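Would you mind keeping the following structure in view while I ask a few things?
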Amino acid sequence: MTIDIRLHHQVSDEFALDVSLTLPSRGVTAVFGRSGAGKSTLLAILSGLITPDIGYIAINGEPVVDSDQRLCVAAHRRRIAVVFQDARLFPHLTVHGNLDYPRRHGPARPEPGRFDAVVDLLGLEPLLARRPRTLSGGEAQRVALGRALLASPRLLLLDEPLAALDGARKDEILPFLDRLTREGGVPILYVSHALDEVMRLAGHLVLMDHGHALASGPIARVASHPMLAAIAGEAARGGMLHLVVAGPPDSDGLLPLRPQTMHGGEDPTLHLAAGGAPPAPGTAVRLRIAARDVALALDAAALDRAGVSIRNRLPCLVRSVVTEADGLVAVTLDLAGAEDGRRDDVLLARITPAAARDLGLQPGLPVLALIKSLALGPV
Amino acid sequence: DRPLLVFAAASLAEVMADASDGFTRAGGTAPKVSLAGSGTLARQIIAGAPATLFISAHPKWVAEVEKAGLVAETRPYAANRIVLVVPAGSAATTSGATTSVDGDDGDAAIIAMIDRLLGADGRLAIGDPASVPAGQYARDALTSLGIWQRVEPRTAPVENVRVALALVARGEAPAGIVYASDAAAEPGVAVLAVLPERLHAPVRYPAALITAGGADVSADATAFLDYLTGPEGAKILRRHGLEPIDR
Amino acid sequence: MTDLSWLGLGWLGAAERDAIGLSLQVAATALAGLLPLAIVAGWVLARWRSRARIVLDVIVHLPLVMPPVVTGYLLLLAFGRKGAIGSLLDQLFGLVFAFRWTGAALAAAVMALPLVVRPIRLAFEAADPRLNQAAAGLGVAPLRAFLTITLPLALPGILAGTILGFAKCLGEFGATVTFVSNIPGETRTLSLAVQTLLSAPGGDGPALRLAMVGVVIAIGALVLAETVTQSMRRRLGLSAVPPSRPRRLA
Amino acid sequence: MTDLSWLGLGWLGAAERDAIGLSLQVAATALAGLLPLAIVAGWVLARWRSRARIVLDVIVHLPLVMPPVVTGYLLLLAFGRKGAIGSLLDQLFGLVFAFRWTGAALAAAVMALPLVVRPIRLAFEAADPRLNQAAAGLGVAPLRAFLTITLPLALPGILAGTILGFAKCLGEFGATVTFVSNIPGETRTLSLAVQTLLSAPGGDGPALRLAMVGVVIAIGALVLAETVTQSMRRRLGLSAVPPSRPRRLA
Amino acid sequence: MTIDIRLHHQVSDEFALDVSLTLPSRGVTAVFGRSGAGKSTLLAILSGLITPDIGYIAINGEPVVDSDQRLCVAAHRRRIAVVFQDARLFPHLTVHGNLDYPRRHGPARPEPGRFDAVVDLLGLEPLLARRPRTLSGGEAQRVALGRALLASPRLLLLDEPLAALDGARKDEILPFLDRLTREGGVPILYVSHALDEVMRLAGHLVLMDHGHALASGPIARVASHPMLAAIAGEAARGGMLHLVVAGPPDSDGLLPLRPQTMHGGEDPTLHLAAGGAPPAPGTAVRLRIAARDVALALDAAALDRAGVSIRNRLPCLVRSVVTEADGLVAVTLDLAGAEDGRRDDVLLARITPAAARDLGLQPGLPVLALIKSLALGPV
């Protein structure tokens, strides 16, 4: 089940969108790229607001655009809801009217209680009687998101829907989107500049630049793409671990997690603040580990003696050691004991040259990756 | 029978109002009177208007309708005169009563009068000769006097008698040539001279009974026309400054 | 004819009251027939990109460019009993315009056409097509989106056009008198009645008094329209609030 | 009078050519005088919140509501040589309207007023006051912001009003003939000339031919206005692009 | 030199803005608060777009609003430029026309070369001939920012100006804003939901909620406000250090920094990736240290033996140890040897309860704060 996109569209003399992508039709696909890369244009073409000059677009094998067949399904028949960068609320309707619009005038038939659930999630209750013009920036974006959620779409396109929201609100909404796509089976294409947002949510990442898709693939693979850091800034660098919940939360409320691909060796259990509803033992989870959160150590026993507070210590092998332009040293790590073929699990650390020298880092060296448990974020 | 719909020149508004009342009181069918420019009415009749009686301010429009084969019978109905008017109370009127200008030597007197009244930059208010019958008679009279060429640039041709009268009454124009009937009804103007009928075609209001595409002449229309041209009708005409036509 | 006794216009003669009632009837009929057409024309003019648009634009403006009497005369030729369209409509539907109040309504509608279409067109041009795109994304069909978004957003413009058209209907003279003549109780609208009074000497006073009745009716319509428009604009958050200016505080 | 020989209208008589030139002159003068006023009125109607706004609104609509002859008659009473305003203007500035082409222009301007004001008003209502706020934040004074932002943004509406007004000026008959009479070469505009031809039996043909000249002039103006408007809208990114619809691909 | 704000303004039945603030009229003041807290409204009142019901506002003692004196200076006379949440570009002007607008029609007289400098900084060169409607979301925001910068304002109000920008672009713009306010002396009020943005730039923080200013003060003080974490989410927690550049960058390109308030004890030098133009020795800098970047250790010697890659090790004393709602333990640290009165320097670490037990943490305990050098970010 995939979303297939091959298209060429000349937007202006200077800018053309030219992409060829195969995206999973489950889960969240993040579209990441600098300002002006063509992300919004791509979304507009998918949703049918722009007809590409040439192209083929199919959702689960069902074509919606096919220039060979001279086919172009009308936007409203595609059932692809968009949350635009500008909220585009209907100014003559109240917030309630906006939220209810897809049901009243479109094909959406949300199950009973869904309206209230969405209103609740997005904190829209006090705004229901208001007109869009009086909403604050973040309020408007929440309403737009709610409206799209209530359209029961086949595919949801989000163009920076959380840019104007505070962190706490984001922390509420992101898990909901996650549930929507996992339980509701609605695939989401998610444009965002906030890489941590993306990383928490997306399983697939498309990296765009100048109208082209530089890379597209599982997030663990694309996360190490050199352009990502160039676009996202330092905060973007990092690795990815695939873990399994190893048991119930311990007495401190920390959830034990084990790498899926690691066999033998030292105890590689990580501990994560479990939060309200921890996943059941056996659940597979995926965690992004920012390079800034990873430190290295050589000697586990000495660590304990040193009284270091970092509990998550993952035995790894150095894959590569590269001195980068900014003077720091990038150390790529494989999990110790991982099968050779499985390289989806990867960790990145960035340390000072002095530390690299002192530790005598070189490919193949066994090291401990120290990861602050806090840095793991919610599942 | 077709309803009694009368098409009458707008200048006959009051005459028609009185006549309708009188006719109805005398037991006739209440007529409906549509008042507009004679040309407009004639075109409408030609285009199939359900008028049964047409009273035109000028015989030529009746002729047009006749050409279309819609006239059953034409009768002369009323006569009018054209007069030279000045603002009431103006200096021109204080010199004496209405000048008699019926003699041949009168022509010179009228010419002098007009020249004097217009002065350097006054305008002579007349109906638009192109469209308003009163204006056509005025033009004819001035042509007969041999001064139309000279006076034409100094005229103020207006669409509507009401406006011509107002121009004179308010002194916008120092003089005007209008129907005697109109002058009689407007207290703001005084008649300085009645223009001799020999200077222009006589002012006649013909009445035509209309046959609508083969339909017979309406009995109501005939009855109303009889009333108009009868003694009651004559009284009404005189009351409004018009002359009945003796037959 | 509409009963207008409740208006307390007893000081007006029966004929005048007839004329007022007729004018309202003519205006209402003209607008009812005209508005759907004007909305379609306004939308086409606003959204079509074809060069052919200009043809429609010219047709819409014609009644304004030509002397009213010419328009009336052309109506007479086309829609008269003997006219090509007039006779056809008569045969097919028994619909007669010539010398009927329906013809007065037709003349008023034609003369009002350019005035009604332009504000509607401007309103459609101002309605943001991105909102329709948003609706399409929500699965709403274009026509439905037009009816539920574009049309409500264009309402102030539609109302503005209606008001201009209503005023024109009240004041229309030349085309009406030429097309359907000046028949009391049938085609003698307010405007024609005023003109009739005025064409007789001494009719100034009654004519102006009657003209004032038209003005009062128009004021009523204007106040109503303004109220509705303002409340709509307020709901849209567009009410006539000036760009906030310094104000001295109490 | 404007020399129109270059138009190649040799087939028209001198009188007709005079009428055309006069009409253009009258229309241009009327619009030149009217536009600044209409812009102010449109702005006031769009942005004032005072209830007194309705008074201005009524005044603006009056020429539409009243029969044209009444308007002309009132103009005559006020702006004639002996009229209160007319005599004053004559004494103060030697400005005479009565029986002059200037009076025809005044009549045309008055009759066009409601048609010109409404689109301008709608354009001002559609101009986003938040842009003026942005300008204020950049230190730009309100009047300057009006001239550099609101006015340019309202240009399509102003142009729309101008076109309606121009068409009305060409077609105006009733008020003009009543106010300044029908003097060849002085006040006999195209519309009056058409009417004059029409009021003689057999004048239909020439009248319609002359009316067509007016239509052709109007078409020229419309095409010009449309072109300008579309290029303005394109620059604003508002060009008449329909909400993107599915199109079959080549 | 301060900006004094006391005002009450009833926006609607449900919402009133009611604040009393004294802000520094130098540097960047961040306004932080959830969606709908009243941030944009506050900015609108300052700039003169809204006249408050009651209030007194003065900039450097010069009142612009004083309801007692019935004074309300017109917006365009205040010389307060705003970058709105929606860009509000003039649609009929090109990008060049928009940028040049304040100079052509307003009082702005930017020095020669400034136009090009701003265009350059914001990467607007290729957009100059374009109309606003054709710009992407981020492009529009950059133009709006450029336009405000070129208005030579007395005070600059920024309402989430970087929300639609990618991290790399932000990394370019933020230092420019910093220079603008420090060298140009233009104070900036900065609304943002991105706390790291705020923290990198602002010296003063206003925390808003429900129309009220919950807290206002130097960022080090407000950064530990409990509401901050509630609003900003986990990423917000952290501490603040005031440092002095101790010398030129070392051979690895790392800049040595020392706390201003620390005397004696172990060598507390921190090392920071210096970047392009490192500040001269003796320059005072301020660094925010996120709680997630701080680990603790007890024994320095053992650390070396353990081969731990973290070079920045700051001797501290535990001020408090608090177990928080999410199960983790918040440890507040003072720098060892700091004068008692100087508590602007503060570090926060969040560790697992197990680690806290193992380390035997309690107030007064000397510990080493381990800070990944990378985490320090630019000066």
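To keep things simple, chains are lettered A, B, C, D and E as they appear, and every chain counts its residues starting from 1.
In this section, contacts are C-beta pairs under 8 Å (C-beta built on N, C-alpha and C of every residue); 3 or more make two chains touch, one makes a residue touch a chain.
Note that the structure is predicted; figures quoted are calculated from it, not measured.
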item	value
Both-way neighbours, i.e. chains that touch chain E and touch chain C	A, D
Neighbouring chains common to chain B and chain C, by label	D
Chain B to chain E, fewest steps along touching chains	2
Separation of mean Cα positions, chain D and chain B [Å, integer]	36
For chain A paired with chain D, centre-to-centre distance based on mean C-alpha positions, whole Å	60
Rounded Å distance between chain C and chain D, as computed from the means of their C-alpha atoms	19
Inter-chain centre distance, chain A versus chain B - centres from mean C-alpha coordinates, in Å	92
For chain D, residues contacting two or more additional chains	69, 73, 133, 136, 142, 145, 174, 195, 198, 238, 244-245
Residues within chain B bordering two or more other chains	160, 162, 166
Residues of chain A engaged with two or more neighbouring chains	48-49, 74-75, 86, 134
Complex contact set, residues of chain A against chain E	12, 14, 33-36, 39-40, 85-86, 126, 134, 136-139, 142, 159-160, 163-171, 193-196, 230-236, 252-254, 271, 273-275, 291-293, 295-311, 326-328, 349-356, 358-359, 367, 370, 372-375, 377
Footprint of chain D on chain B - complex, ascending	37, 39, 42, 60-61, 63-64, 123, 125, 128, 130-132, 155-160, 162-163, 166-167, 170-172
Chain D contact footprint on chain E (complex, rising order)	47-49, 74-77, 79-82, 84, 86, 88, 90-92, 101-102, 105-108, 131-134, 147-148, 151, 153, 157
Chain C residues touching chain D - in the complex, by the definition given at the top	46-49, 53-54, 57-58, 61-70, 73, 114-115, 118-119, 121-123, 125-126, 129, 132-133, 136, 142, 145, 156-157, 160, 163-164, 167-168, 170-171, 173-174, 191-192, 194-195, 198, 204, 207-208, 211, 214-215, 217-219, 222-223, 226, 233, 238-245
Footprint of chain B on chain C - complex, ascending	69, 73, 76-77, 80-83, 98-99, 177-178, 181-188, 196-204
